[in-house]
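The same subunit A turns up in both complexes below, where it pairs with subunit B and then with subunit C.
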Partner chain A sequence: MRKIRRAMRIHRIFIAQELKRMMEYKGDFIVGVIGFLLVQCSNLLFLWLIFANIPSLMGWSLDQIVFIYGFSLIPKGIDHLFFDNLWNIGYFIVRKGDFDKYLTRPVNTLFHVLVEKIQIDALGELIVGIALVCVTLPRLGVEWSVLKVLLAVLVIPFATLIYTGIKTVTASVAFWTKRSGSVIYMFYMVNDFAKYPAAIYNEVVKNIITYIVPFALTAYYPALYILTGENPLFNIGMTVLAAAVLMTLGVIVWHRGIRAYESAGS
Partner chain B sequence: MKRKLKLYLPFINAGMQETATYRVNFIFFLLGEALACAVSFFIWNAVYNSGGENEINGFSFEQMVVYIVLMFLTNGIIGSDASWSVGEEVRDGTIAMRLLKPVSYNSTFLFQEFGNKVLTEIVLMVPLLVIAELVRWLISGAVAFSVVRFLIYLLSCTAAYLINFFFNICFGFLAFVIKYLWGANMMKNCVVGFLSGAIIPLAFLPAGLRTVILLLPFASLNYTPVMIYMGMYSGIETLWYLGLQLFWMIAFWGLSKLLWRLSVKRLCVQGG
Partner chain C sequence: MIKVENLRKEFKKTIKEPGLKGSFKSLFRPKSEKVVAVNDISFDVPKGEILGFIGPNGAGKSTVIKMLTGILTPTSGRCTINGKNPTVNRKSYVKEIGVVFGQRTQLWWDLPLRETYGVLKEIYEVPEDSFKKRMAFLNEVLELDSFITSPVRTLSLGQRMRADIAASMLHSPKVLFLDEPTIGLDVVVKDNIRSAIEQINRQEQTTVILTTHDLADIELLSDRIVMIDKGSKVFDGSVSSLKDKYGQIREMKFETDSKNASERLGYAEKFGFGEDDLSVEQEGALVTVRFNSSVAPISDVLGYTLQRVNVSDINVKDADIEEIIRRLYKQGVEE
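Then we have the complex of A and B:
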């Protein structure tokens, strides 16, 4: 208990520090958020232009697709907001020898790296995601129950941890290779598949994004449960399970990596 | 001419070595990009399966697949990181070192980038073109490859790359105003991506809007070479769009020179 309270206090201090830094560069903040907003807008424009030509995409209406798309942005945005620093491990921190700093501090290294920075650009994704869900949800005629509301909210942190877990495992590769930014990038790009109904892919792709790099569990399956109310054990349960497995794997690979880590001299 | 070539050869060499050093990273990066291609393949597959029509806005499914593959290739050929390099140099002051040397500022970047990509793009081009042609052959049953069109495609790509390069140099000078180049770059890439047809063929846009967008410099980047390769343009149209590319190339070249002159006057390197 005392440990958790200490961790939370450290986290608060880091965030306060970050906010101070951000106030110094207000222009950057606006540029970053608008940048991510634009990216989402161009993807939506793409969907809208496609639907000008077809009534439904393999039985999915525009509203349903936009709902899944919006839902996918929420865990993605939360991970991006809080745990963006893992990209820096892959691109710079290890290569430049700056990782030594973390090893000398009296906190867990992974925890320290995760909470050290927040990336406010992510608000561009989060705002769009929440807005899309709010706009489409009333139009979809979803039947609500207490259980469904509870599961829908509960699944979001687990979906977020799927992102964080995958990033932790791939970022750790840098401990062996000095640079793993592109490895993170490659795996992270798989989340592009998750924005659309998994039903449009063939079996191979579907299995990969469900069981191997399970980004479909961050959006499509939970959204499917919200829309249809079917099969919560798989649609929600698998997300929770995948999050637990990936985070555990992330922690193990991270600590093995640190044992193999040799500081890069400069 | 010979003296010039000798002067810039080391930059090409440096560019090639840079790529060689980070080749593993490059391959992973490429795989990530290829995944995005795969996503759009499946989406278009679903679109053509649910539309009931064989052709949407002049594109059959087969042509759409060729379009995706060619966009991937063309993006690689004409892509430029110049805005990034210039911005970083302005920010950390290394731009001062370049000012000391008796070489053209723009040209050093140009040759370095040429060295960066010449090998990788040639290696990439062969399999990607084979895939595109295989798709065309499998579905339509006829070999559609034309050497003339391929050569015009290469010419058009060269023009497109130069437009993109000079445009990016101009954009890089924004670093004098905006400090957060990463965000600004993302904004630029997103807008350029859409307006250049990398996300959806411009033929899908409403007619009025399309006419305007086709005249903008961004359509001259990816869209023109890809449409030429696919044989979507008639002879007259091809000439018209090549002329437009030439116009934008000269325009951005001039603008980059102008901005360079203005910026150097304003340049004030901190520390160093």
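Then we have the complex of A and C:
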């Protein structure tokens, strides 16, 4: 309990530092916000152009597709907002020897790296995702129960951890190869498949995004349960299981990696 | 207090042939070899000692320090501080140590310096009242007051170094690792940093492990020197014992009106100095002779010099540590 309180406290302090850092460069911050709003507008326009031309897709109605799309952006956005620093492990931190800093502090290194930075751009995904879900959900005629509400909310942090877990495993590769940015990128980009109903893909792709790089578990399957109420054991349970497996794997590979870490000459 | 036992570190190094072709080759068929960076190093450091840890570039100094600070995992052997081992419990180990790498900083670059201390206070769980006392002490020793509200990116190198030392001392560590703490600093700032280190050591009995290429740091601060070369320990003892052991070199300086004093004097033939035992330089009227006093006694060399050339001013200096180390780095240590 004390450990969790301490972790939350440190997390809060790092976020405060990040916000102060953004305020330190006010011009950059304002331009960033304007740019971010423009990007989101163009994203929405693009979505509208696509979906306006597909009334339905293999039995999926437009509203259902947009709901899955929007739902997929929520865990993606949360991971992007809070745990984006893993990319820097893959690209710079290990290669330049800057990882030394984390090892000399009495804080779990993975936790320290995860919570050190926040990525404000991610708010775009989050806002768009929540907006799409809010617009489509009332039109889908979903039957709600207490259990369903509970599971629908509960599944989001686990779906988020699927992202974080995959990034942790692939970022850790850098401890051996010094640089793993492209590895993270390759796996991360698989999430593009997860924005659409997995049922539209052929078996190979479907199996990959369900069992190997399981991004379909971050959106399609939970959404399926919310829409139909079918098979919560698989549709929600698999998400929880995958998150647990990937995070465990991430932690193991990370700590193995630290033993192989070679720093950089100085 | 610090116990280093048979520490060894091997790295795997990929051998690449030059050019793009070589890079492709090593991508598909990597060849690697084992490089031993640190080979079986052992030493103890008692509480309150300032240990100078020296060695030429590439000798393995940084690798040893990085193992002692829990950054690198030793291939074999171990180091412990009060029985705590970084490979067993890193978090409790690093609470005992403070680390300053002169070429890096752990300060929050974009924020006022004060913010860094606020965060470190939380990271190291320093209670509020001891934090206040601590800041007052560090302020007094390192004079942070004048720039504590400035963003770190605007600090001068000397200010940054003081700030970094303060950051590493905030949690009152028992051992302070300083890697090149005076690198790139001017003489006055160097003096400030040195006296701060001395004060911290004296007042708090903090054990200090100091790596540096500036031997004045060592001479002014260290009680003891450990020197490594090519991954092995080559010397371990006090500064004065280093002088006794290798310090037979004396430096004699004199002024003369003779244009080619070194030829006229011919020390090598006269006293039978070997190549490493003697160097003679002449700059205008000033001649500097460094010679090994175990080959020829000072009085003989002095008398001979006065006899042969017209000398207007002369002095003979004790071996200084820089000269000793220069010779040791150049030729390695023969046991």
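Here is the rule we go by: the second predicted complex is superposed on the first by the 234 of 266 C-alpha atoms of A that agree within 3 Å, B and C clash if a C-alpha of one lies under 4 Å from a C-alpha of the other, contacts with A are read in each partner's own complex, and residues count from 1 in each chain.
FYI, contacts are C-beta pairs under 8 Å (C-beta built on N, C-alpha and C of every residue); 3 or more make two chains touch, one makes a residue touch a chain.
If you're wondering where the values come from, they're calculated on a predicted model, not measured in any experiment.
In the superposition on chain A, A:D100 contacts subunit C only, with no contact to subunit B. Of the two partners subunit B and subunit C, more subunit A residues are in touch with B.
When both complexes are overlaid on chain A, the residue A:Y25 reaches subunit B and subunit C alike.
Look at A:Y188: by the touch rule set out above, it reaches subunit B but stays clear of subunit C.
Shared-chain residue A:F36: touches subunit B; no touch with subunit C. In the superposed model, A:R259 makes contact with subunit C only, not with subunit B. Overlap of the subunit B and subunit C contact sets on subunit A: residues 25. Residues 22, 24-29, 31-33, 35-36, 38-39, 42-43, 45-47, 49-51, 53, 56-57, 178-180, 182-184, 186-187, 190-191, 193-194, 199-200, 204-205 of subunit B are the ones that touch subunit A when the two sit in their complex. On the side of subunit A, the complex with subunit C involves touching residues 6, 9-10, 13-14, 17, 20-21, 24-25, 97-98, 100-101, 103-108, 258-259, 261-263, 265-266.
Taken together, the subunit A residues at the contact with subunit B in this complex read 25, 27-28, 31-32, 34-36, 38-39, 42-43, 45-46, 49-50, 52-59, 121, 177, 179, 181-183, 185-186, 188-190, 192-193, 196, 200-202, 205. Those residues of subunit C that touch subunit A in the complex are listed here as 11, 62, 66, 69-73, 90-92, 94-95, 97, 99, 101, 103-104, 106, 108, 110-111, 115, 118-119, 122-125, 151, 179.
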